[in-house]
Amino acid sequence: MRLDRANIATLSCVLGGAAVLAAMNLLIPAVSPLHVPDFVIAIAGKYLCYAILALAIDLVWGYAGILTLGHAAFFALGGYAMGMYLMREIGARGVYANPTLPDFMVFIGWTHLPWYWYGFSHFWFALAMVMVVPGTLAFVFGWFAFRSRVSGVYLSIITQALTYALMLAFFRNDMGFGGNNGMTDFKDVLGFPLNRESTETGLMLVTATVLSLSFLLARAMIHSRFGKVLIAVRDAEPRTRFLGYRPESYKLVVWTVSAIIAAIGGALYVPQVGIINPSEFAPGNSIEAVIWVAVGGRGTLYGAILGAMLVNLGKTWLTSALPEIWLFAIGGLFIVVTLFLPRGITGLFTTRQPPKGSKQASAATEASMREAAR
Amino acid sequence: MSEPTLLYLDGVTVSFDGFKALNELSMVLEPGEMRAVIGPNGAGKTTMMDVITGKTRPDQGRIVFGADIDLTKLDEPAIARLGIGRKFQQPTVFETLTVRDNLLLALAGDRSPRFTLWARESADEHAQLDRLLATIRLVQERDRRAAELSHGQKQWLEIGMLLAQDPKLLLIDEPAAGMTDAETAETAELLREINRTRSVVVIDHDMAFVRALGVKITVLDEGCVLAEGSIDAIQDNPHVIEVYLGR
Amino acid sequence: MLWRGVCVCRRRLWFSMLIAALSAAVPTAPAHAGGDPFAQIAATNFDIVAQGVQALATSGNPRAAAVIDALRDGKLYAWKWPRPDAPLYIRSATGFVDARSGAPVEAPAAINLRRVIVNDSVRAAIATAEGALGLFAKDPAARRTAAEALYQSADPGALSLIERALTNEKNAGVAQVLREAAATALLKSDTGSGSTRIAAVDELATRSDLSARNLLASLHSEPPPVAAAIAGAIHDIDRRLKLWSLVENLYYGVSLGAVLLLAASGLAITFGVMGVINMAHGEMIMTGAYTTFVVQQLVAATMPGLNEFGLLIAVPAAFVVAGGLGIVIERCLIRFLYGRPLETLLATWGLSLVLQQAVRSIFGATNQDVTSPAWMSGSLDVGGLVLTVNRLWIILFALLVLGGLMATLRWGGLGRSIRAVMQNRRMAAVMGIRTPWIDALTFGLGSGIAGMAGVALSQIDNVSPNLGQNYIVDSFIVVVVGGVGNLWGTLFGAVLLGIVDKFVEPFEGAVLAKIIVLVFLILFIQRRPQGLFPLKGRAAEA
Amino acid sequence: MLSIEDVDLYYGASHALRGVSVTARIGEVTCILGRNGVGKTSLLRAIFGLQPIRSGHIRWENRELDRLPPYQRARAGLAMVPQGREIFPRLSVRENLETGFAMLPRQLRRLPDEIFELFPVLRGMLGRRGGDLSGGQQQQLAIARALVTRPRLLILDEPTEGIQPSIIKEIGRVIERLAARGDMAILLVEQYFEFARDLAASYFVMERGEIVLSGRRGDMDETAVRAHLTV
């Protein structure tokens, strides 16, 4: 019951808030003090994307007990897919005015488009790729990892290694994704100029909607019988096996879905910030995203959204006000939250029992590991 | 042997770096039978459960279930789906789920994500759950989180989950451990009730409890069967007395 | 390397001058004024002077260098009008010395003296002479470099000179180089019978370096037998070169392995033995590196005499600093998180951010330059490969650290207690061992070793706040692959990864090497899950 | 002396000790008898602080042990020979013995000769890994290891379990001898009735987490005790 109320609250906050901001930006004249300047819209849009990423992470961490340290990889891959479409949209308006080749390719002296760029001139295709590519990667990776019963910190370390490797890969020019400069100078999406505030606002609203939809999807999943099995796996994996469930396949499904959600977030992120480059793969990003969830309170979904918003608000403010402090702050946040706020901020207000996930899951893992060690 | 058997352990050996936890253990369980397994510490009782449920692979020997299924070839989920349920020494239920959901997950049926993602609770399932809750005396607690149950209640919930699986064979490890006398008696009653419809193997130290079950007893020692028979036969068996009183 | 290149082409330059001069001078020289080069120099005919210069240079006369220098600097004086003994004087700061003997003489009347002047041909001859002097210098090293340069220049014209040098060369090494030089010269010239040419080819085949190969490859239109010999020679050389590059790769792999080993040893304790996921491990290394920097600054400021050994002082210092930090961390943070690996992971990651920022605030974000002492710089050539000395030291150091670590765990009370606690915590407590304290010390030990690794890494990597970041992932991979809690395994894993990395790199590039290692890791984990969980007991088995 | 008063102990919700009270005097052997699973080992864990007690008191030489961590209790003079020996498998026999040094002052950090008088076999195998010893040897090592810490309360948990008779006799002799020294309280937990009976000065019988029978050696009702031990 309380859960439902919380959910409705979340949705109305996200959608309502976005709508209000949009209105105050578009309808109120710039002179009025009530007018919301464009950069606020841009920032809001960015945060909403982060919220989607956080949501994805909470889905696997909060409910399947999989602590991922590489989810930014899927986020970035989605972003790159979208970036490729936006690059093709530029067409001949690039510096080198090459109708087919993006500038950076001309710059490194490529003469024709590599095969894996075909089709990205169509929005629908790019959109498909936004989900297919990260989804496939997640599936293959998960299939390996879960089938071999890799879990706990080992899984975390591997996910980090994954995003790390991808970062290195995308830094290479010959990958054909713009090397360390990545892709930028986008002109427009589906014909709407990106620099017009109506477009910005539109994107922000779309993001808000997508966030709400993914939220509902995630919620539907965890409230289905599937979700219950997932929680069961988190709490006592060996037991679920003796009930005849195959935990690996459940993890695999939720892991892939989560990766796709994250990727969509990334795809929405790129047109709003106007650039995508390999630094998005940096392991640090993934872990920072995890702390958003931890701060908000894992295993609640709305906590993830709240956390992403708050932490990033703090980041924006601190990095501008006293940049020195930022890393201290975020670092301290990790420590304080894990030591004193295991259930995050939302945990302070709900009477729910703490999600025993990590502790028991890890205990269970230990047990099974010991068995394996026999 | 001519008559149909439910479970047949044939010369099963398990050794952990040198030490033989099970040593050529052979045992036969008839359909519908309830069997109590006792024995001093380290006799291999829990290991026996592990090999039957696929948690541990035996070094030698076969474990035949029903007509001709060799369990040593299968893993836990597969064996569980064949209809062998197991209850652990420490009650392990899904703490953060409600009592009812714990049972719901245990209910026999399709275990694949494809199914559970879209599964809706059927009227039949609803009825089954109510029946189960009644059987394990947890109707009041149906919507409480399992974590909030007492030790005895958790034990029952776990047994309830076993029943929900609708298994042909139940393996139960020390159900009476740490229970009050009242709870112990009720547990024995519950097991007899269960045994009307399915075969059961119970491990326990508590002789009062085993006596209350009043079934055939197998005494394990050092990984193999030391004696088998009725409680009285066992009590007079010199080997058993040897094992329990003196070495 | 670049520097060396520069030298080579400089030498090339004046050798071609030398050759030019020789070909210019020799034929025009009239058979006049007998053997005495001094007399020739005293002559007024520039050609004869030039001839004299050359003769003197190749005569091996001890005074040669002095006289020729004097001539070049215009300090050489002769008698104004012909005289049989043709005296030569060198004007020194104090007065005049006799050019032949170098003995001071009282100054002759200035009226009788004329300065020996030079023209282009003489200047050329002087340059030549200076080159030749190299070949005839006292010091074998000097002769060797001269010969080496001749070999590089591979100029047919030099042949006669080289052969003259060969005739009175005693030092075997130098003679060898001279022979090779002769061979190149001969092969470049189109003189010489087939057999001599083949001999020359074989000569070069024994040398078997890239320059020899290129030279041989550059020879065309040789008579069949010679051509065959050349082909064979090239084949041999290629085989040897391949072998060397293999050895070289191995060496690089091992030295990378040593770096990984250093980075991972500490983790093998905190993660391997204790099972604590310490994401701040990299920052422990970083701390060690900065300690090195500070120590060097202090040494430079207080006792400059010890500058060379600042690094040695830094090793224990780094151990103490990082170790102490480790103990504080364990007491204040880790111990509340035992049994909660995921929380530990997050908390320590946060810690790593704080430590990085702290260092950034104190020392600034820029790289600090840690100096390498002389005894760690430079390189030594072994056969076909160049081993950088600091790499060698790091390999040695890595082994020392590992050995020391194993020893600590094997012998002595602390090691015994650590192993006891890790094998059976409860029983250890029953035996009266202060388990919490042992935990702290163990963690401190691991951190301290990371600190020492930092000292070594400060020599090959930028000392910046993110120093540690570059090692954390690799370290974990090493420990996991090596089999958690098994130091020998850590050694194995480190070297294995290092070599794999270096062998894949040339073909696929560093990135794919990483990715391949990653896939390898996942497959590995699938194979040997027991390598994954820190087994009590197998832990700390040294 | 050791006095345990009305101790309750739970594992999670499982009630393992129910108001248990036991006393053990210096210079004599006190036996705790019972089938396995009745809470004997739980009681020992409570004494050594390996499992927190819910209520009750544990006093040793008029000192409250309740709040102390296990290693402090060891330093207070307790030592234990646990069930299953719990030898450190990858430490050499010598190292196993020397683990006791951690709590000793420097001058006491040597292996008392008594150990080798009691268990001559050990002298021969100081270099071998504890894990490689036979059950009987491990049992002897476990007792020797406990003696290294110069304890005044020695707790033995089923020292006869899974051990061949010859060594059981030897262990019996050792226990007698230690008791005879008169400076040590010995708490012996057993299922093996004859073994316990011959050693015990006083005994306590447990059943389902409670003391159901207790008394001095003289007034022991054998049949009653047996009834609680056998099946």
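Just so it is clear, A, B, C and D label the chains in written order, and each chain counts residues from 1 on its own.
By our rule, a residue touches a chain if its C-beta (ideal position, glycine included) is under 8 Å from a C-beta of that chain, and two chains touch if they have at least 3 such contacts.
All of these numbers come straight from a predicted model, not from anything done at the bench.
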item	value
Touching subunit A and also subunit B, the following chains	none
Chain whose average C-alpha position is farthest from subunit A's own	D
Most centrally placed chain, judged by C-alpha centres	A
Interface with more contacting C-beta pairs, comparing C-D to A-C	A-C
Where subunit C and subunit D are represented by their mean Cα positions, the distance between them in whole Å	65
For subunit A paired with subunit D, centre-to-centre distance based on mean C-alpha positions, whole Å	58
Chain centre separation in whole Å, for subunit C relative to subunit B (CA means)	70
Subunit A-subunit C separation of Cα centroids, rounded to whole Å	48
Multi-partner residues of subunit B (at least 2 other chains)	none
Subunit C residues counted as touching two or more neighbouring chains	none
For subunit D, residues that touch 2 or more chains besides their own	none
Category of the chain touch graph - line, ring, star, complete, other	ring
Touching chain combinations (by label order)	A-B, A-C, B-D, C-D
Residues of subunit D that touch subunit C when the two form their complex	48, 50, 69-71, 74-75, 79-80, 82, 86, 88-91, 95, 98-104, 145, 149
Residue ranges of subunit D touching subunit B (in the complex, touch as defined)	11-16, 35-38, 83-84, 160-163, 165, 168, 191-195, 208-209, 226, 229-231
Parts of subunit C lying in touch with subunit A, wherever the complex brings them together	277, 333, 336-337, 339-343, 345-347, 349-354, 356-358, 360-361, 473, 476-477, 480, 509-511, 514-515, 518, 521-523, 525-526, 529-530, 532-533, 535
Parts of subunit B lying in touch with subunit A, wherever the complex brings them together	16, 53, 55-56, 75-77, 80-81, 85-86, 88, 92-97, 101, 104-106, 111-113, 116-119, 121, 145, 147, 161, 165
Interfacial residue positions of subunit A with respect to subunit B in the complex	221, 224-226, 228-229, 231-232, 235-236, 238-246, 249-250, 253, 353, 355-357, 360, 371, 374
